[in-house]
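The first chain written gets the first letter, and so on, giving A, B, C and D; residue counts start at 1 in each chain.
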Amino acid sequence: MVTLHIYFFATHREAVGAREMTLQVAEGTTVGDVWEMLRQRYPKLRTTRPAAAINQEYAEPDTLVHDGDEIAFIPPVSGGA
Amino acid sequence: MVTLHIYFFATHREAVGAREMTLQVAEGTTVGDVWEMLRQRYPKLRTTRPAAAINQEYAEPDTLVHDGDEIAFIPPVSGGA
Amino acid sequence: MFIITDQPLNTAEVEAAIARPDAGAIVTFQGVVRDNNLGKQVSYLVYEAYPPMAEKVMAQIGDEIAARWPGARTAIAHRTGKLEIGEASVVIAVSTAHRADAFDACHYAIDRLKAIVPVWKKEVWEGGEYWIEGSAAASEDEQAALDRLETLDPGSS
Amino acid sequence: MFIITDQPLNTAEVEAAIARPDAGAIVTFQGVVRDNNLGKQVSYLVYEAYPPMAEKVMAQIGDEIAARWPGARTAIAHRTGKLEIGEASVVIAVSTAHRADAFDACHYAIDRLKAIVPVWKKEVWEGGEYWIEGSAAASEDEQAALDRLETLDPGSS
């Protein structure tokens, strides 16, 4: 199994009701798969897949996750002003 | 006669050796004429006619001067940085 | 200096981080909380960030600027938490040898920040609140920001 | 605020003069004394001004900006006297509702200032000094400054 530390922000955080969680997934899981699992569990999450980051770097949906990875799903950003 | 208060800056000030002076000229004198008089008196002044201001507003060389006018000859400006 | 902080931003500190003897121009951008947006009266804003990643991405923007405008130095501070009207949410300072580069690079920095830095804004008004969703992060590359800059000259706007 | 002063410039004060609740963007330009110019080591600079006219012309630039970018507010402070390396000779702050206007208007302001405001700079280096002569004042109109701005976008520079 692969243990992931997952972070949620803004609308995601409110939909999930938590800022972070630990999730265990099978080997061979992609970051896109992780999002689909979360969508199943938390139906209030957005229907369109957001950007994702692995260990604080943007990652494509088909990127494999690894044990200990820090995963973040990034709602459309709106900082700056 | 028309009495003028004349200001000099930067290279002009150094060429004339004064920051300001009072000058009396005839009625009907233009600000361009004033420059030519000064050029005669202070040969170190630049040969090309600089911009001029009357009462703190840029003025064309053929503008007539009037009694009590504040005249300034403006070397090419170089403020800002 | 590339920081996320929940403290009021200190513009002079951000500018001091990029001062140097061969820099003749400093251009600073401050994003300030407005009292209205899209015709609605705003009470206050709340900014949330993913701080470690946001700081990395801001530093990446500084690297992009140094690559495109050699010698340019960039500092960025973004605030989080509750911000009142008139408070600064972001301060970006860029120093360069000559002024045109400083304007262009600073403008590029705020455009990039709004596109890719993981920070989110919630508008709160009387009786409601709303998370603003802006740019779908990571979908925009550097060239897009540069292309947009080119269309922003005063002659065409 | 449009001032000529022989005191060190206070950037925060200039910015405070143009802050207001409906302004979301403040762009500030600071011209700083560089340690070199055209390959020569500069010891210090001396700025001289025609203060009452300089302040009027700076205010005129503020009016030009308000006419072209409605709602924009401008403040300008220019220092005179001896300036050491790293000190600011000029601070220009512009506030607007949206950021692109603030960048364009502030850039316009410094270009116009360098063209028409009666201020002069003397460079002093070891063993010599020289009055810099820049723009033949009054010969440039607003359109020339706008045209030049258009050529300064990052794509073409």
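By our rule, a contact is a pair of C-beta atoms (placed from the backbone, for glycine too) under 8 Å apart; a residue touches a chain by one contact, two chains touch by 3 or more.
The model shown is predicted, which means the values in this text are computed figures rather than measured ones.
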For chain A paired with chain B, centre-to-centre distance based on mean C-alpha positions, whole Å: 73
Geometric centre distance via CA averages, chain D-chain A, whole Å: 48
Chain A and chain C, separation of their C-alpha mean positions in angstrom: 25
Where chain A touches two or more other chains at once, by residue number: 81
Shared-contact residues (touching 2 or more other chains) in chain D: 24-25, 31-32, 99, 110
Overall pattern in which the protein chains touch one another (line/ring/star/complete/other): other
Chains that touch, pairwise: A-C, A-D, B-C, B-D, C-D
Touch list for chain C against partner chain B, complex: 24-25, 99
Chain B residues within the chain D interface of the complex: 7, 9-11, 13-14, 50-51, 53, 56-58, 72, 74-81
Residue ranges of chain B touching chain C (in the complex, touch as defined): 81
Of all residues in chain D, those that touch chain C in their complex: 11-12, 15, 19, 21-36, 68-69, 85-86, 95, 97, 99-108, 110, 146-147, 149-150, 152-157
Partner chain A, residues of chain C touching it in the complex: 31-32, 47-50, 52-54, 56, 78, 89-90, 110, 113-122, 131-139
